[in-house]
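Paired with chain B in one complex and with chain C in the other, chain A is shared by the two complexes that follow.
Presenting the complex of A and B:
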């Protein structure tokens, strides 16, 4: 009855039971499952035979993440609060994870689901790179992820990821795990100059093969490419701020400041978002991370600004 | 149809006293056995502490059931929640540690154990282990490390974490005393081992006052490069 068969070696085999998912899942089944003829496509899909076990604990949900494309690349921003029911389970989660040097993914939905599926995706991308000696494109990555999640449609897996990355030209085979410029605590105007030179050479979202890409993948089966996405309980507030000021011709500093402002306003109004803001910037050279910023200070600065406006 | 499933039963909270009609109670494979676990990471040490009360509903099954389990010479795990799942989970972790040792001729590091536990827990995503885990130990560089988990495998490395029934009470206190949060104008002194042990004892005494599922005794495991040192301190028995 237990999952002792989970041990070691059999775990990684893509057995027929899992319909190709590289992870063994223990699915609780009813003693006499009703024959379901209309779902014969995925006979072993978890949604088919499982009985839902009622959980006595809440899982983490609730977030604000956003990503947008502009002339200087892709910006990905997110808050850092993980809430479980009414409790802040962790005030310092990492919701933006690098997959390889030119792709970061922002996660939203259930914390454990996102973390594990990102790990699975990283492994599959790395295996693809080792087998085929080239980097999988961002669209291909999104498709792979969407197809891996498909058997879990209808179950309680709740994953909404935004892949923010830069597709390199066909000849370039290098996508190492870690980007060269790891820590950029101050805004670097020189990198803004060189990334804008790269991007003006490529058409904005008309070139199918290279350039910045933003794709939203969710466990319901949606896979959408776009220029701006915001996901999570705080996304309506973030969209409001972004829609006002977002333009293709923003400079790097303006884009970063806009993303920060959007997350800040969303955390202010949404109870399930808060604490800090993480910001990643992806260019042709790879991703770079801005130092994590505590929004508590920003809130006090904003209050002071408002009182100055009233008085002055 | 007079039956309605009892949807909102939360263990540890009183049901609202209004009449909703006859309710069908489905068999729940879970039980809540209480208990609190705490882990703190220092510069060259880690502390994992737990109370030793095992309760169910209004009864106490045992006053001497500690929730810290030694995994390797440098790692201790604290598991609280449903005791049956805690026992099975630690059994599975021990077996996997042995397998790793025999295949790779070395013990698993704390980070590796944490990553493995995450996949073990997620393998049961659709019928989770009802266990709140916290791993405390020393990493490969000899620094203290704490990894905290949710019941389905989401984890991250922290400096301190409380889990279990009194976690919501203890975590803010630890945020203030160890993380120096929400205080102005204080010097951030690094935590020494003796001060950390004393803090853990004080924190559990407070937890035993206000949480009914915490009490009886406190088991503290201090992990340093010399080994694992265990102490037992009595707590309120009521």
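Presenting the complex of A and C:
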């Protein structure tokens, strides 16, 4: 029986850094060992001259995604535009993907890479759940993902994921079934009341390792845990909006409208972000998704508000 | 830019590191801890390329802890520094070198305090004071949000108050 595991990893064995992570797919051998940031597409181009226009800083691919933690859980928001250079390849992409009932991941970078790595992560989390009969913690998930991405450091793999999730207490082991889709937009008031009460109760009584978590994992190898992250070409604009208004004590509606506003402002100024906004809210009961909203409507509302201010 | 500073005193070592985790133009975190506790009296400060720092530092950290579990006593700071340097050197000429700059600070009950400077080319120097960071070669550090400062003496590692700009 051919040992695919070792066949594909033959070249990596020597480096001794591959710690036996389950990569059950063939890693293509590189034609020549490419230096880390060199896009060596043309064989005759000088090594230190990039083929494309020199950018002042590395552009992390057209997207605006953000996540933040507040008293009511974790909010994850993203735009829905997939751009390929100057073309809008698809205006309705899903950049936020649920992994299990208490974890969603926002993706940025290369679309194909993100889709693949999300599937790999889902598979590994599910395998862990089946083998150990408990849910892997969010920090453990981030570490697993970071270690799985490590052999590809220096290659063209470009993945920047933000894991937004809720760690449950040790007693609660069930994370497999996807939480029922509470995706209606009209029940905000009632669900806000009960979910915020539950959340505050949980937050106070739970051990420090449980509760909302937000971790950024990047194919460069960065793994950062924090309270607010925004990734993508639109992230400076989103940070501007979030840094001003984000507080721990926001209500669920305020947090959702803040996230929507941040994505809207980013899509307004960033050419590579746009179309719609996806919003996910993760609490101790699981994730819930809001109906996707067209930012065109938001733009018209904003225009109307501005003309009212001018006239009024 | 990331800064590390270490100063060795008569019976202590003082180390400080900035708290910024940046990704190109964005400062993603303002409270990032760059110090890794290898043992009760040894700290490893690590800056450099994004994933390499944590991977390498955690690898060293776990190996030092493993040594203690296997042998019952802890590695001395000098031994830990040489072990770290050896690992850096081994990976230097492989396909996957680690681009990290390190300071290792420790207190040995026999030899006293020690501060070791290592850089990504796996040079090692025991020095009374040392620093990493671009600005330090030319000018004093400016405009940084906050620093984490820790002191190691014969009692162990002490966390001094986190210093922030404008405090006191």
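To be clear about the criterion, the second predicted complex is superposed on the first by the 237 of 312 C-alpha atoms of A that agree within 3 Å, B and C clash if a C-alpha of one lies under 4 Å from a C-alpha of the other, contacts with A are read in each partner's own complex, and residues count from 1 in each chain.
FYI, contacts are C-beta pairs under 8 Å (C-beta built on N, C-alpha and C of every residue); 3 or more make two chains touch, one makes a residue touch a chain.
Keep in mind the model is a prediction, meaning the values are calculated, not measured.
Looking at the shared chain after the overlay, A:128 reaches neither chain B nor chain C.
In the superposition on chain A, A:90 makes contact with chain B only, while chain C stays out of contact range. Of the two partner chains placed by superposition, only chain C is touched by A:218; chain B is not. The larger set of touched chain A residues comes from B, when the choice is between chain B and chain C. Contact with chain C, but none with chain B, is seen for A:226 once the two complexes are overlaid on the shared chain.
By the touch criterion defined above, A:239 lies against chain C but remains apart from chain B after alignment on the C-alpha atoms of chain A. Once both structures are placed on chain A, chain A residues 57, 60 are touched by chain B and, in the other complex, by chain C. Residues 14-17, 33, 57-58, 60, 146, 150, 153-154, 216, 218, 220-224, 226, 229-230, 235-236, 239 of chain A are the ones touching chain C in the complex. Interface residues of chain A facing chain B in the complex, by the touch rule stated above, are 2-4, 6-8, 11, 23-28, 46, 50, 53-57, 59-60, 82, 84, 87, 89-90, 92-94, 110-116, 155-157. Residues 21, 23-26, 28-29, 32, 49-52, 54-55, 91, 94-96 of chain C touch chain A in their complex. On the side of chain B, the complex with chain A involves touching residues 9-11, 26, 28-30, 32, 81, 88, 92, 95-96, 99, 118-128, 130, 148, 150-156, 158, 168.
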